[in-house]
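What follows is a group of structures, each given as C-alpha cells.
Same chain, two partners: chain A is paired with chain B first, then with chain C.
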Partner chain A sequence: MTFFALFCIPFIVGATLMFLSVVLKYFSWLRQLPTSDMILIAKGIFTPRTLSAVWEIVCESLLHRRIFRRNVVLGYMHMSLAFGWFLLIVVGWLETLSYLGTEWVPLQGHVFFKYFVPLNGIEGHKPLFDNVMDALLLFVLSGVTLAWLKRVRSRLMGMRRTTKHIFFDRIALSALWFVFPLRLLAESITCAIYGGGGFLTGNIGTLLSQHIDADVLMALYEPMWWMYSSALGIFFVAMPFSRYMHIFTEIPLIFLRHYRLRPAAKTKSYDNFEIEACSRCGICIDPCQLQSQLGINDVQSVYFLRDRRYNMLQQKIANNCLMCGRCEAVCPVGINLNTLRQNSRTTMRNIPNEGRYNYLRGIDLSQGEGRVGYFAGCMTLLTPNTMSAMQRIFEAAGEKVWWADKEGSVCCGRPLKLSGESDSAQKMIDYNKSLFEKHNISTLVTSCPICLRVFREDYDLQGIEVLHHSEYILRLLQQGRLKVGYSAEQRYTYHDPCELGRGSGIYDQPRAVIEAVGILLEPKHNRRDSLCCGSSVANTAINDAQQLTIARSVADELEATGAETIVTACPLCKKAIARGTKHSVSDLSEIVAKNLK
Partner chain B sequence: MINFGFSINKPRVIDIDNNNLRKSNEIILEMPELQACIGCGSCTASCTAGNLTDFNFRKVHTLVRRGEYQGAYMELNKCMLCGKCRLVCPRGINTRGIVMLIKRKLGDF
Partner chain C sequence: MKHIVIIGGGIAGMQCAVELSSLGISATVIEKEHATGGKLASWHRLFPSFTPAEDVLGELRLKFAKAANISLRCGVTATEITPRKVTLSTGDELECDAVVLATGFTLFDARIKEEYGYGIYDNVVTSADLEDMFNRGEIVLKNGNKPRRIALLHCVGSRDEKVCQRHCSKVCCVTGVKQAIELKEMFPTADVFNFYMDIRMFGPGYEEMYREAQVKHNVHFVRGRISEVSPTIDGRLQLKAEDTLTGRPLKMSVDMLVLLVGMRANEENAELAARYGLQCQESGFMKPQDNFMHNVESNVEGIFYAGTITSPKSVGETLNEATTVALRIKDWLQKQ
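This part shows the complex of A and B:
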C-alpha cells in the first residue's frame, strides 16, 4: 500500500525537524546537569516517584487540573486542546490498527489516514471510529474557538490581561489555530467526493457535495490537504523555538521535579527545563502588583522567562520584581519563578571578591547569656517597639536570652543574595553562623521573616532550632509560660508578609496568637493569595512613590475589614503599611506585650 | 612633631571644571532622584556597615556626583545592601538602587 503523497512533505519535514531539535535540546541539557543532579535522578528513577510523576503528567499536561481549579472555562480550553489532540492521535492510531492490523504504516499514513483510505481502496467502513474521531475533532475545535475568544475577551476566562506575544509566537499560534479547521475542511471535502465520514465530516461533506460542483471539489481536494499539512509543518518547525516547547518540556520537568531536582542560587542546566516549560499562558500577570497598581507591563514572570530563554534579558527587567511570590503561587506549571529570577540576577551581577567584608572578622556585638538567641535583624532595629516588646515577652516568660544584635548587627545576607551577589552574601552567612555556634544557643528566634528564610534555607544550623517570633510566642502561650488577656472588643486584621507566608509557609501561628488576644478579621486577599506591602528588599528598581502606591492599596484592603488595628509580623511590612494608612499598625509582638497578664 | 592624637586632613580642592563628570552625569541621568538628597546623613547614621567600619554612604555618593571616583567602588563594597538607609531617607531616595548603580558604573575605578 502507498502511504505517500507530495502534500505530506511539509508535515514530514516539520515533524523531523521538531523531533531532532527537541531530542538535541533535552540531550544537551541532561548532559550538562551537575553530578549532584545526576545522582538524584539515579536515586529516584526506580522508585514509586516515577509512577507519581506519570500520574501528575496525566493530571497536569493532559487534563490541566490546576488551571481548572482557577477557572473552569480556562481549564476546559487548555484541556480540550491538549487532551483532545492527544486522543485524536491515540484513536487515529487505533483506527489504522483496526483497518490494517499490524501492518507497518508510516507516520503520515496515520495522520492523513482519511486521505489514504480511498487511495488504497480500503474497504469496510467503520462508522464508530469515524464518529469518535469527529467528536474528538469537535472537542478540539471548541477549544480553538475559546482560544480565539480569549484573545478578544479574556475576562470570560477570568483573566484581566493576557500575554503580549512576540512575532514568532504569533506565527506558531496562528499555525496551531489553523491546523484543526483545515483538518475539518480537508476531511469534509474528502467525504464529499468519496462518501463516508462521521456525524461532522460526513454531514459537512454531504452538504458540500449538494451545493458545490464535483469539479470544484476535485480542484479543492489536493490544495486543502496541502494546506493542512503545511499548517502542521509550520507549527512543528516553530514549536521547539516558540512557547509551544512547553507541550513536551513539561513532561521531563515533572519527572525531574519528582526526583527532587530544584533550581539553585546559581544557574544550572536544570533551569532550562523550567524555563522552556513555561507556556506563556499569562496567568502570572494578573496577580502581579507591579502590573495592577503601577501599570508596569514588561517585567512579569512570563516576560522574564521569555527574555531569559532567548538571551535578551535586561538587568532592569530582572531587577524590577518584588519577589513576593504571588505569581509562583498561581503558576499552573509550578515553575520556581523566584529562584530563577534570583539566579538570573546572580549571573548578571555576582562579582566574587575575596577581600570583601574582611572587616567582619572578630566583630561580636552580642549581649547576654542564654540558650535562646534573639536575632532582631536590620529592619527590626529600625522598629524598636518590636524589639522592646520582645524583651518584655522574654522577661514575662522568664527566658534567658542571648541578644545577638542589640547594638548593631551584620546583615543576614538575604538582601544581598536577592540582589544577585550570592558569593558575597555567603560571607555574611558564614559570619553569623559562626557567631551563633560560638554562643552555643539551641533556639534562634528572629522577628524578621527575611532573616528567618535565609536562616532556614541557607545557614544549615546544626542543632539550632530557628523560629519566627510568631511561632515562638505561640509556643510560650501553649506551654502556659505566657498569659495574655483576651478582649472581644479589640478587633485586629492580619497582613501576611510574603517571606513568612508564601516564603516559609507560616500562616496559622500568627493568626492563633492574634486570636488569643482579640478578634481576627481577614482581608480579601490572605494566606497564599496575600498582597505584598511593596517595600520588598528584592526590588531595587521602583521608586518611593511607587512603593507608597502599593502600600496604600494594601492598607485600603486591610482597613476595609473594619478592624481598629492592623497587625503584621514583619518589620518591613509594618513600616511600609504604616506609611499608607492612618490606622495603627502593630507588630505581632507588640499586641502580645500590650495584653500581657 | 608632637602627636596630639588626631590629624588634620590634607588641604585639597575638588575642581568640578577639571573633573571628568561623564560617569557622574550618567548616574544622575539614570536615577535623577539622587539630586533630591539634602545631605542629612540619615543613611550613614542608620548604616549597618557604617556601624562597624568608617563606611560613609553620604560621603561616597556626594564625591561621586562631583566626579571624585577614586576608591568609591571599594568603599561601596562594604555595603551589605540591607536597605535600612532606604527606609530612613527623608527624601525617599532609592538608596539601594543608587549603590548598585554606582557600582555598575564605576566598576573599573
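This part shows the complex of A and C:
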C-alpha cells in the first residue's frame, strides 16, 4: 500500500513545519542555557527525578489533575482534549500495528488509516478497535463541546472571565475546534460508502447512506478528507506560534523543573520554557484584584506572558502588578509568574549607577549589643507602634538586642529589586549583609515580610537564622519566656500579608500567636487564597485612589468577620488597611505587647 | 413669612441666620452639639491680626440672640432633608422653603499619620490641641518643663496622596506662622521651626505676618516634610526630614512637635450626596453649581451651601459666604 493521497499534503506540510519549528526552538533555548543550568541538568538527568518528572507529565500534561482540583468540569474539558487526543494517537497506532504488523507506515497512514483501509469485509476485521476509536473520538468531542460552551458561559466552569485571544490564537483555536468534528464527518461518510465503523461512525454512516444519495456521498467523500487534513495542517502550522505551543513545551519544562532549574533575577534562556508553557487558559485572571476591583483587563499574567513571548511587552503592563502571587498560586502549569515579571522589569529598567550608592560605605547607625538582631525595616519605622511593641516584647523576654536600624537604615533592597533595579538592590544587599555579619548576631528578627523575604532568598546569611517577628514571638511563647493574658472577649481577624503567606509560607505562626491572646475569626479569603492589601511596593502603576479601592474591599471582608480588631503582620498592610476601615488595625506585636503579663 | 432651615450652628449657619433675619426671612438652626459656634468655639486667636476668636464669636452670638425670627435647636440632628421639609432626630418635622447645609468640616485625625507619633509619643500635639493649650494659658511638656525647641509641621493630612487628601486645606500655613509667633512670644528664647512644602500666604496681611515671623521673631523655616519621628533616650523627639533647599537629609531633636492638621470633608457628605442627589467633589467636599455665579447653590433646587462644607475656608471667607447665601436665597425666593 502506498499510503499517499493528495489530500494528505496539508497535513504533511503542517506536521513537518510544526516539527521543525518546535525542535529548532527547543534546541536554541537549550543551547543558550547558562552553564550553571547545564550542570543542573547533567546532575539530575540520571536520578529518580527523571522518573518523577515522567509521572508528573502523565498527571498534569495528560490528566490535568491540578485543573480538576479547581473545577471538575474545567478539568474534564482539558483532560478530554489532551488525554483523549493522546489515546487516539496511541490506539490508532496500535490499530495499524494489529492490521499491518511491523510493516512501516508513514505518519499520514496512521492518521488517515480509515481512508486508506476502509475496514469492512477485509480479512481479520477487528470491530473492537473501531469501537474503541469511536469511544475516544466521542470523548474528545465532548471536550470540544465544553470548550465551545466555555466561550459562551465560562461561569459553568468556575471562570468569571476568560482570556481575550489574539488573531493567531483564534486561527489555531478555530482549526482545533474543527479538527474533530471534521474527522467524525470524514470517517462517517467513509463508513456510509464502504460500511464498517464502530458504534459512532458506523451508525452515523448507516444513517447517512439511508438518507443521502450515494452520488452525493461520493462527491463529499474526498472534500471531507481534504477539510480534515487542512484543519490539522492549519492547526499544526499555527501551533508553534500560538498558545498551543504549551502542549509540547510543558513536557521539557517539567523535566527541567525536576532538575531544579528556576527563573532568576535576570532573564535567561530557561524563561522561554516557562513562557511558552503558558496555555493562556486564563485561570489567572479571576484571582487578580486589579481585575476584580479596578477593572484593569490587560495586565494579568496571561497577557504579560503573551506580550513578553511576542516581544511586545510594554513597561506599563509589566509594572502594573501587585506581585501578590494570587495568580501564581492557581496557575495549573506552576509557572513562576512573579519572578518572570520581576526579571522582565529588570531587563527594561535596570540602569546601574555605579556612583550612586558610594555613600553607603562605612555607615553604621546600629545600636546596642546582643546575639539577636532586630531589623525594623523602613515601613516599620513609619509605623512606630510596631517598633515600640517589639521593644516591650524584647524587654519582657529579657532579650539582649542589637538594633540594626533604629536610627535609620539602608533599605533591604527588595523594593528596588521588584521594580527592576536588581543591580542597585544588590548594593544594598551587600551593605546590609556585611553589617549583619560584622555585629556577630545569630538570629535576625524583622517585622517586615518584605525584608524577611529578601533576607531569606537573596542574602545567603551563613550562621544567622532569619525570623519574622511572628515566628520569633511564637517561639518566645512556646519557650515560656513570654507570658500573655488570654481573653475570650477579644475577637481578632487576621490578614495574611502576601510576602509572608504565599511569599514565605508563614501562615500558622501568626495565627497561633493571636489564639494565645484571644479568639481568631477567619475572613472569607485566607491563607494561600488571601487577598492583597493593594499597597504592594511591587506596583508602581496604580494610583492612591486605586490602592484605596482595593484596601476598602479587603477591609470589608475583614470587618464582615465581626471581629473588633484587624490584625496583620506587615507594616505596609497595616497602613493600607487602616486607610480603608474604621476598625482598629494592629500589628501582631501590638496585641502581644498589650496583653503581656 | 418664608422660612429656611439651616443645618449646622457653626459660624456659617449663625451668620446666615442673622443675615436672613435682617432680610425678613425666618430661620431655624439645627446644631448637633449643645452649643453654637462650631470649631471656632475652641480656637484661641485668629490670623493675621491675632484677634481673639472669642471676640468674633461673641459678637456673632450677640447678633444671633438679638435677631428676630431665629430659632435654635441644639443637640439634635437632621435625619431626612428635602428642600421643603426637614425631619429631626427627635421626630419633629420642620416645614420650610429652602435648606442651607452648613455642616462644616472634620479635622484630620493625626493618628492616621502614625509615623509622626501622635498618640504614641509625648509632646506630639496638633494645631487644635495647641489652641486649646493657649486657651488654658499653659504650655508645658509632659515632664513639666518649658519647651526649648519646637517644630511645627505643615500639611498633615493635606496635599498628601498617601492619606487620600489631595487638596490644600488653605488655612494651616497661616495658622502655622501665627502659632509660631505666639509660641515665640511665650518662649522668646526657644527655637521654633516650621517644616513646610510651600508657604501659601494668600490673604491680606498674611505675607506681612510671614515676614514678621522671620524678621522680628526669628522663626525658622525649613522647606521639607518630616518623614518620621522617633523618641530619643532623654525623652525628646527626633525628627528626620529633608531640607529640600540644600538638598540634604536633616535630623533634629525637639521638645515639642505641632502637627498642623488639615480640613477633611465630613464622612456624611457622601451619604448626603447619595440620598438627596447632591454632588461631591473628588476631595469629598460638596460640589456647588459652579465657582462663580452659583457658588453657594447645590445642584438640587432649594438646597444651598454655606461655609466649609464645599471647601476649606478661613473664618472671614466663611462669614462672607454665609451672607452671600442669605442674599441668594432671598433672590431665589422672589423668583419662585
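Following the convention adopted for this analysis, the second predicted complex is superposed on the first by the 591 of 597 C-alpha atoms of A that agree within 3 Å, B and C clash if a C-alpha of one lies under 4 Å from a C-alpha of the other, contacts with A are read in each partner's own complex, and residues count from 1 in each chain.
Assume a contact is a pair of C-beta atoms (placed from the backbone, for glycine too) under 8 Å apart; a residue touches a chain by one contact, two chains touch by 3 or more.
Every value quoted in this text rests on a predicted model; they were computed, and no experiment measured them.
On the shared subunit chain A, the superposed partners chain B and chain C overlap sterically.
For chain A, the partner with contacts to more residues, out of chain B and chain C, is B. Within the superposed three-chain model, A:L381 lies in touch with chain B and with chain C [touch as defined at top]. In the overlay built on the shared chain, the residue A:S504 is in contact with neither chain B nor chain C. By the touch criterion stated above, A:N353 is placed in contact with chain B alone, chain C being left untouched. Within the superposed three-chain model, A:A578 lies in touch with chain C and out of touch with chain B [touch as defined at top].
In the superposed pair of complexes, A:D544 makes contact with chain B and with chain C alike. After overlaying the two complexes on the shared chain, residue contacts for A:T568 are found with neither chain B nor chain C.
By the touch criterion defined above, A:S409 reaches chain B but does not reach chain C.
Shared contact residues of chain A with chain B and chain C: 381-382, 408, 543-545, 575.
Put simply, chain A touches chain C in their complex at residues 381-385, 387-388, 406, 408, 543-545, 548, 575, 578-579.
Note for the complex: chain C touches chain A at residues 112, 114-115, 117, 120-121, 161-164, 227-230, 240. Interface residues of chain B facing chain A in the complex, by the touch rule stated above, are 33, 46, 48, 51-53, 77-78, 80-84, 87-88, 92-94, 96-97, 100, 107. Within the complex formed with chain B, the chain A residues making contact are 319, 349, 351, 353, 356-357, 359-360, 363, 378-379, 381-382, 408-411, 413, 415-416, 419, 421, 428, 535, 537, 540-545, 572, 575.
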